[in-house]
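Some structures to go through are shown next.
In the two complexes that follow, subunit A is the common piece, with subunit B as its partner first and subunit C second.
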Partner chain A sequence: MNLSRTARAALWTALGAGLAVIYLPLAVVVVNSFNADRTFGWPPPGLTLDWWGAAWRSTGMREALWTSVQAALGATAIALLLGTMAAFAVQRYAFFGRQTVSLLIVLPIALPGIVTGIALSNTFHSVLGVPLGLFTVIVGHATFCVVTVYNNVLARLRRLGVSIEEASADLGADTFTTFRLVTFPMMRSALLAGGLLSFALSFDEIIVTTFTAGAGVRTLPIWIFENLFRPNQAPVVNVVAAALIVLSVLPIWLAQRITGEASRY
Partner chain B sequence: MRRRLATFLHRHAGVRLSLLLSAPMAWLGLAYLGALAALLVTAFWSTDTFTGNLIRTFTWSNFQDLVTGEVYRTVALRSLGVAAAVTLIDLVVAFPMAFAMAKLASPRTQRWLVIAVLTPLWASYLVKAYAWRVLLSSEGILGWGYGLGATILTLSYLWLPYMILPIYAGLERLPNSLLDAAGDLGARPWRTFRTVVWPLTFPAVVAGSIFTFSLSLGDYITVKIVGGSSQLIGNVVYDNIGAANNLPFAAAVATVPVLIMLVYLSAVRRTGALENL
Partner chain C sequence: MFKFMADQAVALRGLRKSFGSVEAVAGVDLDVADGEFFAMLGPSGSGKTTVLRLIAGFETPTAGTVELGGRDVTRLAPFERDVNTVFQDYALFPHMSVLENVEYGLRVKKVPNRRERALEALASVRLEGFEKRRPAQLSGGQRQRVALARALVNRPRVLLLDEPLGALDLKLREEMQVELKAIQREVGITFVFVTHDQEEALTMSDRVAVFNAGRIEQIGSPAEVYERPASAFVAGFVGTSNLISGAAAQAVLGKEGTFSVRPEKLRVAAPEEPVGDGEHSATGLVSEVVYAGPATRFVVDLDAGGRLIALQQNLQVSSMDVMGLRGTRVRLVWHRRHEFAIV
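And then the complex of A and B:
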């Protein structure tokens, strides 16, 4: 396109400035986790590793971390199953209400989290009589995690087409054999990418969790939120935040390595 | 046995389809929609002011309070305003970024830029809001303090990648030849943008706005972290469940963002935005 040199420079500057704004606050959190000043005075008067030690020794944090991992694993397992089934149905079949199925899967993330949260907690609490706990957190998380797996598998199925599966059937493989030897291996990386994103989504979630977790269950985001307003806990909270920032690079990096393309969110 | 089952499934596409749809539809269609419906029903109940128990008889009173209450109208309008402001800010910031990514960067750089935008999306929401709390606190680097402006700023920051990515995808699908053709026919960049780029990427913009709008509309955590005393709809819902223990009223308030989103979604359906999500 015939953009002037000034226009190009302006667009590049906008991109650079935008990325800087995205990353600077995160960088400040990471630097503050080494800040010797308890109240994060800036610039840091000195650097220390004390807070990282204190955070590691915090039992509340470690318990919350373990709860989060369990919840994310459970939700991801369910999301993998439901998301894959729905993606196959929508991509490989034409049926009445296909659009509605897509809409239904997007709905839990399209609606405000607080609505999903209180709707589920109300159903568990007053309709079904299920006590709130880790199980209800997993159910809540799975509901909005389905979409990540669904999107990844759907995109993969669309790209693959059906000719290879038809070839497999023509060569005498039955439905199950074709799935095991042809379809599944070709969509394994999409499942892995969708699963990773679903794990990250669940690991980070706080609103639905707040309403479905009951009194005793504390995921990491809930622990952070509870300690956010306690001044003497600030350095430890900051370390956890910094650790989460560094860790969040992992799922995206892995998903990228696995699929070789930008995964769908 | 396995053989016969496989043959049966192979011949009956309808059975295969129903099996595939069964679990997802039971979960999302029955359980999730059912939960939403139950919440809607609760909005027409009330609570006993003495015992705090639910009174399961039909009443419009929650919605009457909602419509007549000056406070709620202010909060609803403020939430709408915040959601609109966040969407607008994100659009203005995201479009040039997405354009530089899709049309100026080389394919190799493009891949890295997409990762650069995607990565912070998976950093914890809470951590990002917290980062702004630290930056904006009176001793912080920016030191602007908390309030409605801080809420808008933080929410814009949080949802920015959700706006960049759909627009980037939309621009990537837009053939360069169209831009060249517009240029060859004498259109200046601004005119090319107005008559070619914008109309063709509009569905992608709307797709991004669904995220920024919906996510802002339901938020109450950011408000608690950087918002000071200016509450949004989400806070009213939250406070009525926690402190006030009035689930029916909370449910009635929660219908407001849902209604707004449903109106918004049905309004944008025709643009084809839903396929861009």
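And then the complex of A and C:
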């Protein structure tokens, strides 16, 4: 489409302004993680790597990081398994209430985290008598992580159709061989993209985590939140935030590249 | 029943298939001989593709049996049947190279020296040098040939082809018709070919089954089906129907019923021209003249009622001559042996 010169200028300005609002504050966080001034005076009087060293030596941070990785891996594993199975069921088989099941699977991502958190907390604590801990965090995260895998796999299955699986069976491959040689390779990038998104979602989750973690378990976002208002911890929190920006951009970027590549098929 | 019944490549008995309340196949009996090029012809929704899928094993019949080489395979899965399919959309594996696609059937069946056989199959469809390409990097005609090689390399008892030329343009389609026929003659495998294109069915096959509404209307050689259509549907679907019925049949032919004459059997003559022995004729008004290069189509409204289409080769005449015939009175003459009663 051809746009007038003024229209183009206006649209570029709007784009720039929109992106600036999102990304300049993030840039400030990254710069501050090197800020030599303990109270983050702006502009920074000098740059230092001290805070990065301090953050690395903080055992609380490292424990929290490990907890978060465990939670994200656990939730992603559950999401991959259940999300894929649900997507196959909904896409490949006709059964009573299929649309309703699909809606119920997707719903948790739209539910306010605080509602999910309270509901899970009550159920685990009062109804089931399951002690809150890492396990309950993983289950809590899995409720919405399943959605990302489910949606990715569903979209892929829809585009794939059944004819190449029929072709495989026609050429003599039994059901398992067809899955191994045809269906799974065609699904792989969708699973990877869904898994990475799910990992990223779980990794920075705080609301559901707050309600399901109990006393002993501290994920990284919770650790940040607890240390945010302790003046002597503030520089370390900044470093962690800066590292998290990089860590969460990476999976999203990878997921986008993977799905982009796969769409060539 | 013939005693060589067991030698039939495909035998369908009382085959039925319903999808919900829709009966896609409503009782089909069919025998295809070994080495035959058999066409299943019919409009979309006539059940021909469903019959093909029932033979391949992608669908389970509601009733009836499917036999391959005398063996009942009705309850067997597709991978337990000695048939291979060329799919309408080719269904090539997008994540595999051309060679891997062709090797696939041999690979899953753990056949030795599959590389040589796959290369051989690719050569037989003239695709040497394309081994490493992905399906996405091929043209429609090339994909079609990969699909063919991928199926043929397994040397199945029966090769099923589901409108394999449907996605190709006219020129390529005509080339592939000749090529398919040559390949079939060479390998000697039974071909069961689904198409909605009557010309394709007539030019390529040894026998044709004409499908309508889940049933077979007629089975016969192309000439039989074309020259002696068994029903009004066949007459209309395979070529131009040209029916004479009711009062017109009484007036022109002096008999009751519905009769069909193919357009190219009609001669356009002057109204006063005498009619020879063993000939029938009808007078009428030329309402339309369609000049089509090698031939001209005359649409003639009969005085006795009804309308016939006559096809005349343009042996001597030019477009100017024939166009002048519109609105004139003519006599259509044909030999009696070219008119057929229709049920």
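The rule is simple: the second predicted complex is superposed on the first by the 256 of 265 C-alpha atoms of A that agree within 3 Å, B and C clash if a C-alpha of one lies under 4 Å from a C-alpha of the other, contacts with A are read in each partner's own complex, and residues count from 1 in each chain.
The definition used in the following text is that a residue touches a chain if its C-beta (ideal position, glycine included) is under 8 Å from a C-beta of that chain, and two chains touch if they have at least 3 such contacts.
Here the structure is a predicted model, which is why all the values come from computation and not from measurement.
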item	value
Joint occupancy of subunit A by subunit B and subunit C, clash or fit	fit
Contacts of A:Trp52 with subunit B and subunit C, given as first, second, both or neither	neither
Subunit B versus subunit C as contact partner of A:Ala14, first or second or both or neither	first
Which of subunit B and subunit C A:Phe135 touches, first, second, both or neither	neither
Partner, of subunit C and subunit B, that touches more residues belonging to subunit A	B
Degrees between the directions from subunit A toward subunit B and toward subunit C, using C-alpha centres, nearest 10	90
First (subunit B), second (subunit C), both or neither touched by A:Leu103	first
Touched partner set for A:Met186, first subunit B, second subunit C, both or neither	second
Subunit B versus subunit C as contact partner of A:Asp174, first or second or both or neither	both
Partner chain(s) touched by A:Glu166 [first = subunit B, second = subunit C, both, neither]	second
Where subunit B and subunit C come nearest after superposition, their Cα distance in Å	7
Doubly contacted residues of subunit A, that is, touched by subunit B and again by subunit C	169, 174, 177, 265
Residue ranges of subunit B touching subunit A (in the complex, touch as defined)	2-3, 6-7, 9-10, 13, 16-17, 20-25, 27-29, 31-36, 38-39, 42, 54, 93-94, 96-97, 99-101, 103-104, 111, 113-128, 130-135, 139-141, 157, 160-162, 164-165, 176, 179-180, 183, 189, 192, 210, 214-215, 217-221, 225, 234, 237-238, 241, 247, 250-251, 254, 257-258, 261, 265, 274, 277
Residue ranges of subunit C in contact with subunit A within the complex	56-58, 77-79, 83-85, 87, 89, 91-95, 104-105, 108-109, 136, 150-151, 154
Contact set on subunit A toward subunit B in their complex	1-4, 7-8, 10-12, 14-15, 18-19, 21-23, 25-26, 28-29, 32, 39-42, 81-83, 85-86, 88-89, 93, 95, 101-108, 110-116, 118-120, 122-123, 126-127, 142-143, 146, 169, 174-177, 197, 200, 203-207, 211, 221, 224-225, 228, 237-238, 241, 244-245, 248-249, 251-253, 256, 262-263, 265
Footprint of subunit C on subunit A - complex, ascending	163-164, 166-174, 177, 181-182, 185-186, 264-265
